[in-house]
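Note that chain A is present in both complexes that follow, paired respectively with chain B and with chain C.
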Partner chain A sequence: MDSNILFIEIYKLFKRRRAWVGPVLVFLLIIISFPLTLDINSDNPPQIYLSFIWISTLLVTMLGTELIFSEDFEDGTLEQYAVNNHLTEIVFYKILVHWVLIGIPLAFVAFLFTLSLDISIHISSITLLCLVISNLIFINFFSLGNALSLKKGSILGLLITIPFLIPVLIVLGKMTTSALLGLSLMGHLSLLVGVMILVTSFIPFIISFILRTHLE
Partner chain B sequence: MIKKFFHQFASPKSYFAIANKFVKPFLVFFFLLYISALAWGLFFTPPDAVQGDSYRIIYMHVPASFMAQILFVVMAITSAVFLIWKLKLAAYVSKSIAPIGAIVTFFALFSGSIWGIPTWGTWWQWDARITSTLILLIMYLGLISLHASFENKEKADKFFSVLVLIGVVNIPIIKKSVDWWSTLHQSASITLTSKPAIDPVMLYPLMFSIVSFIGLIFGLVILSSQNEILKREKYKSWIKNI
Partner chain C sequence: MKLIEAKNISYKINDRNILNNISFVINYGELVKISGDNGSGKTTILKIIIGLTKQTKGELINHNEDKVCFLGHKNNLKNYLSIRENLLIQGLKLDSFNLDLLEKFNLRKHIDNSVGTLSFGQQKKLSLVRVLNSDEKILILDEPFVGLDQNSKEFLKNFMEAKVNENKTIIFTSHIDFEDDYREIKING
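Up next is the complex of A and B:
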């Protein structure tokens, strides 16, 4: 675990300020428009707003991870990493950095937003926790999709990986229902955390295999 | 001796020769078998107590949905074989399974919604099993388009195999979804461990149609993989001698 490389990656992403402030601002704009288009005074169940938030996080993380590999691929840095056998580490650090700089701020913005909708603090904090965990899962899968469609720059790789994320969305939806009914959430939460651990441990290896195939 | 028997399936040339010999009678046989299973189910079984005559679509719907899942698992096995042993033939076979799997899945969803109109009153419902089968269909279509979008077919094979292996986790979700969540779709009437919940009069044509449909679709897969071999080994010298 070379901490120098970790800091280099953090600095690289931090420097391109548009890359990590952009998604958070887009997310803010999207979720602000939701109460404008829905009638707030009527009896809308909080579940509608929460499902909007999740789908918007999905789309915004897709936007935010679009350039995760392309810059390094184009100027040859990725080849250097591949030759030195650091590729899996680098992929893992990139995903982690994107999560810390994009995923966690997104979760906090959503948390403040749900508080502003008169959703109880209990449910809002559950939303915060779920978003922090599922953002990592989303960023992993969208990096996989970006690695697949690296040279072409097309959206096909991303479209293919969205079906894998639908079970995560289903679990999130069921978690909201149980939370609103006051039932225990331990089952759903452990499933989500289990998926996150599994995905985060295996996806860097798969992505480095795909990137190596691209570099041949 | 046995090793030689299995090893000859690894080369496209001998696989093609063997498949040429038996695939056409194989297909005709299983097609006739399936037609007779359908005829048995349509004309020689009594109507259901609750559903009347409309249950007979089970003889098309159940084989199709079963096949959709089996095909994905077979695709995963051949993709794993390709990634581990680097046999190009395994990649050709898995690539040729994808379009057939997509069509079978679409047929399963279509016949299921036709069945749903008289029995459930609705042709679509967002419950667990139907939604996961829809995800299966989208995965098949995504796999086909992924393979088609790459110029370099060796790279396309590798990405295809990786994606199939990631996607195979959807199959246990489909199979177990009727047990894990309370859904509109009924739970399994035929399991490996307990007595079937369906009457033997209807069970036998159902098993017959499942077996014949499996044979039919595998015959089509072998035919399609022969086509794939011809496409990809175009410049080899043994092609001229067919």
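Up next is the complex of A and C:
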């Protein structure tokens, strides 16, 4: 672990405020506007709001990771990392930094949103935990998609990766139902954590391999 | 002492031959210029040497196990950061050596300006600061003279000669002919 590279990645993303504040603001606007389209006095089950949160987070993390590799690819930074065999390391750090500056803030915004909708603190806390975990999974997959379509526009990569995220959305939906029914969440939570560990362990290697082929 | 041995290397992309049976040897402590027309494969040769690209035929034996300093076509600079910030994220300190370099390159007065506001030549000079700070034994430079004014070209040539005198190896590509003592490998793709 090279803390210097981690610091540089944090600094670079932090200085590009539009890249990380933008997605959080977009998310904020979406979730503010969503209840306005519904009759807030009707008996909308919290499940509707929660599934809306899962989908919007998925789309906003997609937006937030759109430029994760393109800038470094264009200006030759990735080439330098590849020459010095730091490519996997840099991919791992980039994903980590995007999770910290985009994924986690999104989870907290969603948490505050659920609280404002009179959803219980218990359910809201579960939402927060699920989003913190699932956002790391989303960012990993979207980074993979962006690496795949580095020179071809981001749509192709996203079309390939979104289907992989549908099972995660299903697990999140099941967790919501279980939480609302007061059932144990341990099974689903373990599955989510397991997927997160698996994805975070393997995807950076796959991405670095893909990036290397782009640099040839 | 041999550093790199290329034996009949060829490189083909989309049925187009970029390199055709190229053989050469580069020894430690040499100043080597790889020359050739546009599209003859000079950059490809460098990429094969540093391991970014694999030749489609032939063998390349690289005896080097150390890190190399590579300057590619791209400047490795962040347009939204200032000169100062760019140097810092490249791990360079703003000590008297680097401040003198910036002065020589006429960049010191722009130190807090974003790199995006600099001209191509100024950006090229800034990217050379990393190379000029390099401690690596092997420097691989792709078209290092492009975009430089006459004074900066002279400065870079002197730097390269000084490095070779310290027994460092420099492999570079260039269209420019100059009178210095270097070995030339001509590529005709």
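The working rule: the second predicted complex is superposed on the first by the 215 of 216 C-alpha atoms of A that agree within 3 Å, B and C clash if a C-alpha of one lies under 4 Å from a C-alpha of the other, contacts with A are read in each partner's own complex, and residues count from 1 in each chain.
Assume a contact is a pair of C-beta atoms (placed from the backbone, for glycine too) under 8 Å apart; a residue touches a chain by one contact, two chains touch by 3 or more.
As the structure is a computational prediction, the values presented were derived from the model and not from experiment.
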Item to check | Partners on chain A (chain B, chain C) - clash or fit | outcome: fit
Item to check | Spatial angle chain C-chain A-chain B, Cα centroids [nearest 10 degrees] | outcome: 90
Next on the checklist: Contacts for A:31 in the overlay, against chain B (first) and chain C (second): which applies, first, second, both or neither?
Outcome noted: neither
Checklist entry - So, does A:210 touch the first partner chain B, the second partner chain C, both, or neither? => result first
Checklist entry - Regarding the shared-chain residue A:160, is it in contact with chain B (first), chain C (second), both, or neither? => result first
Next on the checklist: Which partner chains sit in contact with A:175 here, chain B, chain C, both or neither? Use first/second/both/neither.
Outcome noted: neither
Checklist entry - So, does A:196 touch the first partner chain B, the second partner chain C, both, or neither? => result neither
Item to check | Which of chain B and chain C A:132 touches, first, second, both or neither | outcome: neither
Next on the checklist: Per the contact definition in the header, classify A:109: touching chain B only (first), chain C only (second), both, or neither.
Outcome noted: neither
Checklist entry - Is A:148 contacted by the first partner chain B, the second partner chain C, both or neither? => result first
Checklist entry - Closest Cα approach between chain B and chain C after superposing, in Å? => result 6
Checklist entry - Is there a shared patch on chain A that both chain B and chain C touch, and which residues make it up? => result 216
Checklist entry - In their shared complex, at which residues does chain A touch chain C? => result 4, 8, 11-12, 15-16, 71, 74-77, 79-80, 82-84, 212, 215-216
Checklist entry - Residues of chain C touching chain A in their complex? => result 47, 50-54, 67-68, 70, 72-81, 85, 89, 91
Item to check | Parts of chain A lying in touch with chain B, wherever the complex brings them together | outcome: 144, 148, 152, 154, 156-157, 159-160, 163-164, 166-167, 170, 206, 209-210, 213-214, 216
Item to check | Touching residues on chain B, where the partner in the complex is chain A | outcome: 128, 131-132, 135, 138-139, 142-143, 145-146, 149, 155, 158-159, 162-163, 166-167, 170, 173
